[in-house]
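We call the chains A, B, C, D, E, F, G and H, going by the order they appear; numbering starts again at 1 in every chain.
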Amino acid sequence: MQEQISKEREIRLMKGNEALAEAAIRAGMHAYFGYPITPQSEILEYLTEQMPKRNFKVLQAESEVASINMIYGAAGAGARVMTTSSSPGISLMQEGLSYIASAELPCVVANVVRGGPGLGTIQPSQGDYFQAVKGGGHGDYRLIVLAPNSVQEMADFVFDGFRLAEKYRNPVMILTDGALGQMMEKVALPPEGSLEHVVPEWATVGKPKTREPNIITSLFIEPEKMQAVNIHLQKKYKTIEENEIRYEEYHTEDAEIILTAFGLSSRLCQKAVDLAREAGIKVGLLRPITLFPFPYQRISELAHDAKAFLTVEMNAGQMVEDVRLAVNGKKPVFFTGKMGGIIPSPEEILAKVEEMAANINNLTEVER
Amino acid sequence: MFHTDEIILAGFGGQGVLSMGQVLSYAAIIDAKETTWMPSYGPEMRGGTANCIVIISDRRISSPIITRFDSGIILNQPSLEKFESAIKKDGFLFYEESTIITPPAREDLTVLKIPAIKEAELMKKKQVANMIMLGAFLEIKPVVSMDSVLKALKKVLPERHHHLIPLNEQAILRGRELAAQQIQMTV
Amino acid sequence: MSTDVLTQELQQGFDCVYEKPDTLTDTRFHYCPGCGHGVAHRILMETIQELGIAEQTVGVAPVGCSVFAYHYMNIDMQEAAHGRACAVATGVKRVLPDRYVFTYQGDGDLAAIGTAETIHAVNRGENILIVFINNAIYGMTGGQMAPTTLAKMVTSTTPYGRETDWIGFPLKMTDLVAHLPGAYYVTRQAVHTPNAVRKAKKAIRNAFEYQKLNKGTCFVEIVSNCPSGWKMNPSDSNKWLEENMLPFYPLGDLKVPEKA
Amino acid sequence: MIKGYIEINKDICKGCELCIEACPQGSLRLSTHINTRGYRYVELVEQNCTGCTNCALVCPDVAITVFREQKPKKAV
Amino acid sequence: MQEQISKEREIRLMKGNEALAEAAIRAGMHAYFGYPITPQSEILEYLTEQMPKRNFKVLQAESEVASINMIYGAAGAGARVMTTSSSPGISLMQEGLSYIASAELPCVVANVVRGGPGLGTIQPSQGDYFQAVKGGGHGDYRLIVLAPNSVQEMADFVFDGFRLAEKYRNPVMILTDGALGQMMEKVALPPEGSLEHVVPEWATVGKPKTREPNIITSLFIEPEKMQAVNIHLQKKYKTIEENEIRYEEYHTEDAEIILTAFGLSSRLCQKAVDLAREAGIKVGLLRPITLFPFPYQRISELAHDAKAFLTVEMNAGQMVEDVRLAVNGKKPVFFTGKMGGIIPSPEEILAKVEEMAANINNLTEVER
Amino acid sequence: MSTDVLTQELQQGFDCVYEKPDTLTDTRFHYCPGCGHGVAHRILMETIQELGIAEQTVGVAPVGCSVFAYHYMNIDMQEAAHGRACAVATGVKRVLPDRYVFTYQGDGDLAAIGTAETIHAVNRGENILIVFINNAIYGMTGGQMAPTTLAKMVTSTTPYGRETDWIGFPLKMTDLVAHLPGAYYVTRQAVHTPNAVRKAKKAIRNAFEYQKLNKGTCFVEIVSNCPSGWKMNPSDSNKWLEENMLPFYPLGDLKVPEKA
Amino acid sequence: MFHTDEIILAGFGGQGVLSMGQVLSYAAIIDAKETTWMPSYGPEMRGGTANCIVIISDRRISSPIITRFDSGIILNQPSLEKFESAIKKDGFLFYEESTIITPPAREDLTVLKIPAIKEAELMKKKQVANMIMLGAFLEIKPVVSMDSVLKALKKVLPERHHHLIPLNEQAILRGRELAAQQIQMTV
Amino acid sequence: MIKGYIEINKDICKGCELCIEACPQGSLRLSTHINTRGYRYVELVEQNCTGCTNCALVCPDVAITVFREQKPKKAV
């Protein structure tokens, strides 16, 4: 990442939430609808503060249910739109997200995850992986899910998000967490207006006499029609899987133990890899950047030479299922994690790695 | 070897601990170092304490949330109670004199007691107490260059407060003096 | 029916004084015989035709019997989630402020699940038209109680009549929104007689004209029937409407713009 | 009295009879035939239609087109 | 199942929705809160019709969001409660479900699934497996998920649902579909009052002087506390996995090909097994009855002797992931399904089975 | 403070005329200095103490600054999801009809995300008490605009003041619910002066007494301050409340039971 | 071999096709057979057609929703158009005479045209036309015992209509006669 | 004049000063000390408290207990 930052980029120290908001403005977002919730309220606050000076619209909605449906309307009208929230608020958006996915509307939704379930805590968590990746709403649909692990990526992935959303007419979720939202880091901001936008021809902008009405809908009452829509969606998801998988590797070349982790946990794992390498243990890290599409194939390849996997998450074990699906029994896959807003330390991960390394040729997964 | 500094800054809300941390982090960027600044957030802040963790390092920082620190800059009693034990062995503790009733007990630490509020009052601007503390810290732990700190001030202070930059600079320098004197005294 | 055909058929010396507007597609309505939705659709689209604003109008359909409104209305439309038409319309209007935007919603959609979205859209004075079809029942799902169901009225979920003491009272949503400062024009109309239809159409016309002024939300309730849900033939349903609905939901303006 | 006539699209008519009721002249009635969708549709019987459009106003299925005798044009 | 039906049971021809409603009354449900939606509105209708004659309360809520939160309140007050809906309505309940799981409130929620995503269609589907099983709401929580495949089970599982919900203080979801809800079959109804109920001691029923206040909450603001709650929940889920797994097998003894399917699809598979057996193909069926807890171990055992698996679902492939996790690479796992409200026919399944059988020693899964 | 200690300390010839009620726990409030939530909690729990109904009362806390109300109120309580306290209370009351049930909610909770639940609970005439703390801001999340935020008022999401023409108008939720037939007693009170506190407490007492009658919903708005959100010291916040909030949200009864 | 009967019953809403199907299914239960009854549902019913699929079998029934049928009992023109082609080769088709304008064209089917509405009018109860159709069907396809059908009637008709049971029985018998006559004629 | 006095729980007091304002006698003031939670708490200074309870009524933290001189009991 670092190297790619071009000279035109402006360097700032920013909170992740603010970087995401600023990036959205620079990415040419037309409108934002949102509702306050810790730990992401800075996004709405930043945007309301900037609005009179820049060219976009913000509205504080009466709820997250309203926000996501405003997004539906505005996206359907051809605008580049975003909403953000944190776990409970995102749960309230599940119906709307399913509608948006079905009606194939492009938009970016960020979930600054906090510890759950329920009202839970406001501290960082990764407990919403399943919801984001498998689909918390009803029916067979997919969000494209991007998982930043730095304030820089909080900004960059907004650009990627809009690009992918519009390319595939699909909602994109930025799955981040309270720590990434609240922390400040250096961020190099891309210049304003660097992401092109054209009003899509399917948008409901008023029907000229020369074309048929544009209709945004997710209702396909005849099952044959609904099946056709589903087949189309599944094909699209397949295409996305073919083209858009992103991941990062760190010392995987000769690794016997592969850590897998996304978002904030991947930073902890990187540190753990450093520590382990210092201790002479051959450890590497694979960090999925896109959670859907998931880098199944790359993990499957790594399962050839590696001897074991350890997935590290800030939850009870969610992405680990996808890692297991990828490894498919070739090697044992272990899990370690912390729940409820607690961040595992690199040292804890190291301890787990050392334990595995001590026994590297004799590891077996617990039977489920 | 790579070097990392992990600092906790804590006090009441309104004492400027958050912006003190931001100045550090911004200066680190200017020094081309890696840095993270992580505030406590949420209702725990309500009328109570505010704190932030600043990490400055030569290489990529893993977690912005840590529980053990190289140094602490402490501006009230509850924070001292909360964080004294969280400072690493032989670490550094800077505290504001007038706000602390029970001083720290640990003997392994290098402890500096800075009369920042009193000094700030002398400078006719109570709000710069935080910069006096920062100056004191930087005198002992020059984790970023003074040059960058002064540049960072401009970035962190909102435009409407830019006329106060000279005063803040002064406060930082005053803090350095106070720390220098005190270290000499203890040595 | 296209004008060409009509012209051919036209008897010498006769003018066509009423025909289907171009703003309606040729798709047949799926509504039950005698259902007021058809009339409401028609006058809405006639008005758009007459004002010549079809190209600048975006409609939002609800979930309810009128969920397929977009099959019939020959303009750009969005189908909103149940109850969220006002939020969807807000999204549209905020990014296309110079377009005419309307929602078309049933009572379950607007006054039950969509209560918050409705109240807040009006309270914000969203510059849209909300057409509210009050047939006192959930038609689409088979005749369950709506918030507007009258006291003692039998529905499939009030088989012994709506007992207001524990199920609650018929909700006068239109009266409520009329109290909100964001509301610019609020009126209650019906479409069960030729005269009522004329007036309702005038109300819709007013609403679109006001939308140009950018002064707040226009809200047009249309008290309507649901022969299927009420288990009556169309003619009886209109009589029942007159005798039972109108005394409780009296027709007329609830809020009109102050004279300039 | 003004003269008029109406055309009823019998495939669209659902036989709701609302137009029959709305017609002040009593010119309409239900046919004994059913259309392809199983509805008895409406037909104009009495030749006393005035083209008042009442039937069309209440028709929920936009099945009626109304014609009215031209007024003698004023001399220009 | 059939054999267990005791003489005291009353035999009726009923719709699945009605059987579920009638069973809830007989199981001693105290209150029901719900909102109409096809294809399950008969439940509310049946209950409002029965209410004056029997001893329970019904309220038509203003929305599904309200319903699930009324359930929260009533369950917290110690009552035996149920709500039901269909896909879009269940999506709206995700926040509430996460709260209920976190606050550990017992209740039964039935999802009479229809085809999605979005407004979709009202025809039967199994597209909400992920949502029900992996968690559509935020945070790490689990619903106990029961999947009936007959009208009889629509009734029986209400009893099981309340029993499990109260045993574990956990929400139970009955995951069924529009066909099972709308169709009529013979059902033998257990007698009224056969399921005991005691007001739990944690319920908020008014605090006598003799005890501390009872508090129903899902807020644990300190991450350490939230972590402890999560650890407790995970332990509970583990116990549930140890004790409550249910599944059914059909001709698996010597099967080379194992079909796996839940709910309605399992009936189609049973027919396909019959057809295949007639054609001399060694096919069996494993039907998970509990989707959480999932019969991983039994499937893993079957993977020993079987040569391949075929999962059949009325969706784009959801439970198949759990089957793959269970098989863990030991044998290839295939999927076939129909989406959008269409039910695959036994003949289609048979065709797929025949194709597999023709090549039984040479099957490989497509790389992901 | 337990009565024992007080008794010991009691000076000869003096009566204790005010002490913390037993219906409050010993847990310190986490509220900011001067925040009206504390007073509202106190008078609510004093009333419950005085009426002797603590054992028959179930409270419902919201999400908002008062989310921890259950730490302070020494009775059985439930913590509802944001905006859903009225639905949760409905659930409780329907299965425990002989208990006293109340919700305690902020303006964001009750009048933004919870609009539908509030309106419909009142419209059903749920036999509960709704205590509505209107401090014109979202305190908990750091001072964002609430539905009740006054025109021109600066909050963290209206940094240039609430511009009613595009953000919407301050919502008089209490006036709205007063129009609903299910509402039995609706009043607006404050707690910024000793006298206001006395009146507010009387209103709460009325509400609980009415709840016994089973006649509908009681709704008590308490216009309150948020020194942190308003960025004022407590005393200034109360002055601001008096000068700005009360003219727009005038105190007094909006609906009182008809005399029997 | 096991035996299964798959029947589609279709007409306008209000003609009683759904309860006709229920009588069949209930009778099957009484006969100790397996059965499913599956209605079309949702807005497609609105003012339009109603239909149900009844399956009666010696063993467990897999899907209640099927697309090919052994027999059809059809009470209106749109349903005939929709389902004529869905009847299996050499299957059975029973239709109500007066509601059908264009009679079925398939030659492989055994087709019975029953004047059920006319007969029902003769019985002074239009509503029993469905039972006449049912009787006709059962005469030709005795998929359940007549005894059970009569018992089933009691179960399916709501209590308040139980006084009509004799009339319904009569209608079923009349349907049987009509079918018997017609089959003889065609043979 | 009636006599009274109040007890202030200084650990609970947050120094909001609302009681000071509410006191018609002007009997209260902020201490110069801070309590364990960092607040300057309130103390009773003037001995003219009447036990009117105004301070307790407005105290958001229930930090005040109020005592008032007993009225001479009526003879039974």
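One rule holds in what follows: contacts are C-beta pairs under 8 Å (C-beta built on N, C-alpha and C of every residue); 3 or more make two chains touch, one makes a residue touch a chain.
Everything numeric here is computed off the predicted structure, so don't read it as measured data.
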Practice prompt. Could you see whether E-F or A-F has the larger number of C-beta contact pairs?
Written response: E-F
Fill in: Candidate from A-F, E-F or A-C with the same interface as C-E, over half of contact pairs in common
A-F
Worksheet entry | Farthest chain (mean CA position) relative to chain A | D
Item to complete: Report, in whole Å, the distance between the mean C-alpha point of chain B and the mean C-alpha point of chain E.
Response: 56
Worksheet item: Where the CA atoms of chain E average out and where those of chain H average out, how many Å apart are those spots?
Response: 60
Worksheet item: Roughly how many whole angstrom separate the Cα centroids of chain D and chain H?
Response: 85
Response to the item:
Per the C-alpha centroid definition, the whole-Å distance linking chain D and chain G comes out as 39
Response to the item:
Residues in chain A with touches to at least two other chains are numbered 38, 59, 62-63, 65, 88, 95, 99, 103, 119, 122-123, 217-219, 221
Response to the item:
Residues of chain F that touch at least two other chains are 31-33, 67, 79, 81, 112-113, 115-116, 120, 140, 147, 166-167
Worksheet, complete the sentence: chain D residues touching 2+ other chains are 14
Worksheet item: Which part of chain A faces chain F closely enough to touch in the complex?
Response: 35-38, 41, 44-45, 48-49, 52, 59-60, 62-65, 88, 119
Response to the item:
In the complex, the residues of chain E that touch chain G are 11-13, 38-39, 122-124, 178-179, 182-186, 264, 267-268, 270-272, 343, 345-346
Discussion item. Help me check something: in the complex, which residues belonging to chain D touch chain G?
Written reply: 14, 34, 36-38
Worksheet item: Within the complex, which stretch of chain G touches chain D?
Response: 12, 47-48, 76-78, 99, 101
Discussion item. Please output the residues of chain G touching chain E within their complex, sorted ascending.
Written reply: 22, 25-26, 29, 34-39, 41-43, 60-66, 155-156
